[in-house]
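Multiple structures are listed underneath, in structure tokens.
In the two assemblies presented below, subunit A is common to both, partnered first by subunit B and then by subunit C.
Here is the complex of A and B:
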């Protein structure tokens, strides 16, 4: 069942002649883990903000076609209706802080206050989320005074705590160190298992290879390809054409195949590579 | 990021801190009403002196008086202008050359205004220092004031230090490109003018970002809002509020009659 449906959707920011998103046709299913990859400036951030309704409600511009999110036409419904269904996590952390919380705990609870969550429930969820994301050491600090990585964790926690049905993440780990990145991806995977629909825009295709059900390539403002993760991420020519660097594992297996050292399929994940190596050794 | 210069809550475990924000608001507003009833600046000074026990009981004896230095220049300007040009002047205090004079009525008027400013500043500042913005918002919500009003209060307190530090950053950046920020007033004004552009653009950008962040947290969701911080109006709050209003009436009437 489709929960996010782009129907011939186009968008241009007012004042700009060319369209940032052009004739997008795409449907994302409920509970699916959906990855977006593509080049710089290709419109991926705009794609993500459209699902939340920031486009067109916060940024002026023109829509052609339509975008249906959980049964709501984003153009015709209000942001308040969309905001209870969609959680959006963006790439730069300090722009996601509201200024409504004097410390991390209060920043986390702000969304729940707006949804009218009872106070007891709110306290419980804040405690749980602080533990889950590892915010204990700075939970009483002012969010504006934290480091970028810490702020991003707070931003992620503040959205997750609202338990949205659809979680849209726009390069959420761009500011995090490898440890933080792994932590965030593991968390996303956990949420995906719970049946939340996840739409993840990231450059880190190793993680998509690991977790995503399907992947779309969004390049030069258009969807170039939608397919099963393995189908898209092991298509070296397609990736190259779209200026996307394929995973080291894929490149390695490709190299070995070209040198006739290996006769299997292209690898995508660490596990694939391990399997390949054991086969090569035996062979 | 530097802490707020002027406006910031200081966490202390004091009697005054623990009062409900509404109680403190009632005290502050009562004092402000009172200084507009009084007819003599001496009464205002007496009200001003009453800040000392308040400050003592909030464990902020020194901090409360900090911002007075920012008022000093305003006082000087007030006294000079009103002393020389007060429209309802009658009695000459000191005759100056070129037909100028310092007028008694002007000085009295200036001292009246200055003392009012002084009282508003210290009591207002005491309120800000001792009231957690979150509690204020929560209390305002309970009073059924529109929650947007609450957010504006809170975010303003939070954003001011950011704008201050942004301004400092812009100034540093411009200085490193040879901007002169010292010298005569005209020179300085001219130097600071080019800073307004980036600051304004930055503010617009900030506003859009903040709006995005707020929408992402269901700020405009139409439902009954709740509060994370709990603010209860306790018995002592009620007693103090009633006492404050009684004091307001007694002092107000006395000062009016004297």
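Here is the complex of A and C:
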């Protein structure tokens, strides 16, 4: 069942000549883990903002076609209606954090307070979230005094605590260290297993390879390809045409095939590569 | 042995709010090296490099740039020697034309006329953006903005260039471009690069320092650093993908970092094991 449906959707920011999104037709299913990849300036961030309703409600411009999110037409629905269904995690924690809280605990409580969540429930959820994301050691610190990566963890927690049905993540780990990145991806995977729909825009195709059900390439403001993760991420020529570099494991397997050391499918993950090498060593 | 351009002696730094971000750092950075600084978020990487151009001054200990103590100089003076490219280009870019953005730094240093023009042209050509010189910097895409930020530092011809997370927010194309630019710049500059991108670090760095909990935990060439799994685990860092694959295979050399090295090792491993049978 589709939970997000772009129907011939186009978007033009006021004052710009060309469209940032052109004729997007795409259905994302309930409970799906959906990845978006593509070059900079391709419209990926606008794509994410549209699902949350920031486009058209926060930015002036023109929509053609429509975007239906959990039964709501984003153009005709209010952002507050959309915000009970969709959570958006942005690239930079500076844009995300409210600054309303003097410390991390208070920052996390902010959204729940606005929804009138009972105090007991609020304390329980804040505690759980602090543990889940690993914020214990700085829960009493001011969010704006934390390092970039620590701030991003707080920002992610502040969205997750609202328990959205659809979680849209726009390059959420761009500023995180490898541990933070792994932690966030494991967390996203856990949420996906609970049935939350995940829409993830990222450059880290290694992680999409491990986790995503389907991947779309959004390049030069248009959808270039939608397919199963393996189908898209091991199509070296397609990726190259879209200026995306395939994973080291895909490149390695391709090189081994070229040198006639390996016959078989292209690899995508570390496990694929381990299997390939044991075949090569036996053969 | 080349002469150190930056010497750090017993550097400790505590932020006004009371958080100690650096403890007893001792380090010498040599002319012409590409030094990568890695470590988890909050381990002190950015705080450390901000001492090199005087944005921060030591609470205890000293930082010497070409034997000048940073305590006695302003950031404006030190930036002739040490250029700092911020992580977010939007923190750095502020003029209305690319050309003017690049011109600002060298003009401020007193360059005029044909000398000024030449250094702006060179700085834009080396990043490949001379054709965009009449554009508004904020109309450029993220890859181009990053290159503009780097170019504006190059134009001041500093001996040392610090790149703080140069690949953040860059697409694959942008990462490749930054990588080739580091290689190009390293011929005439000392480069210090902070990065979470272990792939990039393994390919460009001549030396890697690993920061952990406000200290330098260990340092060495990428080949030496990326095989120290126990230490890397402690700092929550992981070797690049190909290194992890190589380390998981029995009988393989452990310090394999690139695809080419991996294939060479695979071929010699196969011939070794066929001989032993």
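The rule is short, and it goes like this: the second predicted complex is superposed on the first by the 283 of 283 C-alpha atoms of A that agree within 3 Å, B and C clash if a C-alpha of one lies under 4 Å from a C-alpha of the other, contacts with A are read in each partner's own complex, and residues count from 1 in each chain.
Rule of thumb we're sticking to: a contact is a pair of C-beta atoms (placed from the backbone, for glycine too) under 8 Å apart; a residue touches a chain by one contact, two chains touch by 3 or more.
Note that the structure is a prediction, hence the values are computed from the model and not measured.
Enquirer: Mind checking subunit B and subunit C on superposed subunit A, clash or fit?
Expert: Pair status: fit.
Enquirer: In the overlay, answer first, second, both or neither for which of subunit B and subunit C A:247 touches.
Expert: Once the two structures are laid over each other on A, A:247 reaches subunit C alone.
Enquirer: After lining up the shared chain so the two structures overlap, which partner does A:203 touch, if you call subunit B first and subunit C second: first, second, both or neither?
Expert: second
Enquirer: Which partner does A:145 contact after superposing on A: first (subunit B), second (subunit C), both, neither?
Expert: After superposing on A, A:145 lies in contact with both subunit B and subunit C.
Enquirer: Who does A:180 touch here: subunit B (first), subunit C (second), both, or neither?
Expert: A:180 sits against subunit C, while subunit B stays out of touch.
Enquirer: Contact-wise, after the overlay, does A:39 reach subunit B, subunit C, both or neither (first, second, both, neither)?
Expert: Touch partner of A:39: subunit C, not subunit B.
Enquirer: Look at A:109 in the shared chain and tell me whether it touches subunit B only, subunit C only, both, or neither; answer first, second, both or neither.
Expert: The first partner, subunit B, only.
Enquirer: Just to be sure I read the superposition right, which of the two partners does A:261 touch: subunit B = first, subunit C = second, or both, or neither?
Expert: It touches subunit C, and subunit B stays clear.
Enquirer: Taking the superposition as given, does A:8 touch the first partner, subunit B, the second, subunit C, both, or neither?
Expert: After superposing on A, A:8 lies clear of both subunit B and subunit C.
Enquirer: Once the shared chain is lined up, is A:171 touching subunit B (first), subunit C (second), both, or neither of them?
Expert: A:171 contacts subunit C only, not subunit B.
Enquirer: Nearest approach of subunit B to subunit C by C-alpha atoms in the superposition, in Å, rounded to an integer.
Expert: 6
Enquirer: Common interface residues of subunit A with subunit B and subunit C?
Expert: Correct list for subunit A: 145.
Enquirer: Using the touch rule from the top, collect the residues of subunit B that touch subunit A in their complex.
Expert: Result: residues 1, 9, 132-134, 137, 151, 154-155, 158-159, 161-162, 208-230 of subunit B touch subunit A.
Enquirer: Once bound in the complex, which stretches of subunit C touch subunit A?
Expert: 17, 19, 39-42, 46, 87-88, 141-143, 165, 168-176, 196, 198-199, 236-238, 240-242, 244-245, 248-249, 259, 262-263, 266-267, 269-270, 273
Enquirer: Subunit B touches which residues of subunit A in the complex?
Expert: 49, 52-54, 57-58, 78-80, 83-84, 87-88, 90, 95-102, 105-106, 109-119, 122-123, 126, 144-145, 158-159, 162
Enquirer: Contact residues on subunit A for subunit C in the complex?
Expert: 38-41, 91-92, 145-150, 171, 174-182, 203, 206, 243-245, 247-249, 251-252, 255-256, 259, 261, 270, 273-274, 277, 280-281
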